[in-house]
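Listed after this line are the structures, all set down as structure tokens.
Each of the next two complexes has chain A plus one more chain, namely chain B in the first and chain C in the second.
Moving on to the complex of A and B:
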């Protein structure tokens, strides 16, 4: 989850999110370099230490064309690499459906038996000590760790969006449409997210909690709950 | 082999006919294919076991609410697809 006044990303808990964080840091450095250069040149100009009476500007035109082109390549290459990485065909071990309602999620695991449950936010009045306000739910999404999981996101009534920042996933939930996304948790743990598409009065109060556990625990849980 | 499909199938595999994010058609197509297969096998008097593949795929992908609604439509005769 995010801490109070947190500015940066949450710790990455999936390989894709790790890549995104690294790319972000890289892009931020590029942006910092450009801003520093511009600020430096600006101060030079404003203090009249830099001026120009050139009529033949061929060299500088070449420089300030080539340099930005290099910058763009430096940004485009890692960006495209990640884009294609996200599109890789992975054979999932499990399919899970996340269906958005006003104002809760329904999860369906129907590969073998039918396991379906609703996931409501725990109201603050019933929140146990030490638990996270507006983030905890009564039934978490339990998944096996380190396995590629296919998630089919849809909605029952209005637009919602299923998001878990530390896994690098945000997928819109659209009535009548099945949107596919893939997650892979790098380690066991509990990952929080919140509905990310305005959906009415309690849009801020339908969070998502993914709990990633070793496979035997997952199988035990799912066999206890399935019909 | 015509053995236990559970052993050979985890979840619905990648289907190159539906390579992108929008899997709506994948669910719909498999639902249609299962019922068409069942109908065809019944018409020939053959075993409908091979149709189980389509059943498993649509079961994995389609929201159960959609399946229930479509089953009702089929029962009523108002199902929009051609089976």
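Moving on to the complex of A and C:
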């Protein structure tokens, strides 16, 4: 989860999120270069060290056409690379459905056992010591670590969005539509997210918690729950 | 009486000269800012991730988190 006053991304917990963090660094670097250039020129103009009193500016016109085109290509290439990387066929080991309701999530593991449960936020008044306010749920999404998982996201009533920032996932839950996303947790752990599409009064109170554990523990949990 | 003549100063294209100088400086500044970010933030972050995963033992990490009571599916032994 994010710390107080955190500005940057959470630590990446999946390979795709690592790529996204790297791309963000690259894009921010380009933005910083452009902003510093513009700020410097603006300062020069405001202190009258530079003016635009010129009638023939063919060279500079060429520069400020070609250079932005190069910058855009420098941004587009890694962006498209990551976009296609996200959609790679990866033969998931498990498929689970996440269904958004007002105001909770339902998870269905229907691959091998008929396992379905609802996931409600734990109210602050019932929160155990050391747990995170507005982020904990009564039943977490347990998945095996280091395995590709397919998640089918949909909704029952209004628009919702299933998001887990540290895994680089945000998928809209649209009634009558199935959206697919894929996750792969690089480490065991617990990853928090929140509904990311306004869905009514308790939109801020339907969090998502993904727990990534080794396969034996996942199998143990799933047999306990489905029995 | 002889008078020493000063060299004739540049009288044309003064703005163009100043613009060229400052535009060059502006590009240097922007490349410098980008390089500062790259070597100060982006590369250390990449190295930090590589270092973390170089000798990472997921099971050891899992057991430590399990002992701390983090997991719902794997309570402490």
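Throughout what follows, the second predicted complex is superposed on the first by the 222 of 227 C-alpha atoms of A that agree within 3 Å, B and C clash if a C-alpha of one lies under 4 Å from a C-alpha of the other, contacts with A are read in each partner's own complex, and residues count from 1 in each chain.
As a convention for this text, contacts are C-beta pairs under 8 Å (C-beta built on N, C-alpha and C of every residue); 3 or more make two chains touch, one makes a residue touch a chain.
On a predicted model such as this, the values are computed, not experimentally measured, just so you know.
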item	value
Touching partner for A:157 - first (chain B), second (chain C), both, neither	neither
Chain B versus chain C as contact partner of A:21, first or second or both or neither	second
Partner chain in contact with A:95 - chain B first, chain C second, else both or neither	first
Touching partner for A:213 - first (chain B), second (chain C), both, neither	second
Partner chain in contact with A:189 - chain B first, chain C second, else both or neither	second
Chain B versus chain C as contact partner of A:116, first or second or both or neither	first
Of chain B and chain C, the chain that contacts the larger number of chain A residues	C
Doubly contacted residues of chain A, that is, touched by chain B and again by chain C	none
Footprint of chain B on chain A - complex, ascending	89, 91-95, 97, 99, 108, 110-112, 114, 116, 150, 152, 154, 156, 171, 176-181
Complex contact set, residues of chain B against chain A	6, 10-14, 19, 21-24, 26-27, 56, 59-65
Residues of chain C defined as touching chain A within the complex	15-16, 18-19, 22-23, 25-27, 29-31, 33-34, 37-38, 41-42, 45-46, 49, 53, 56, 58-59, 61-62, 65, 70-74
Complex interface listing, chain A residues touching chain C	12, 18, 21-22, 25-26, 28-30, 32-34, 36-37, 40-41, 44, 49-51, 53-54, 60, 139-140, 142, 145-146, 186-190, 211, 213-214, 217-218, 220-221
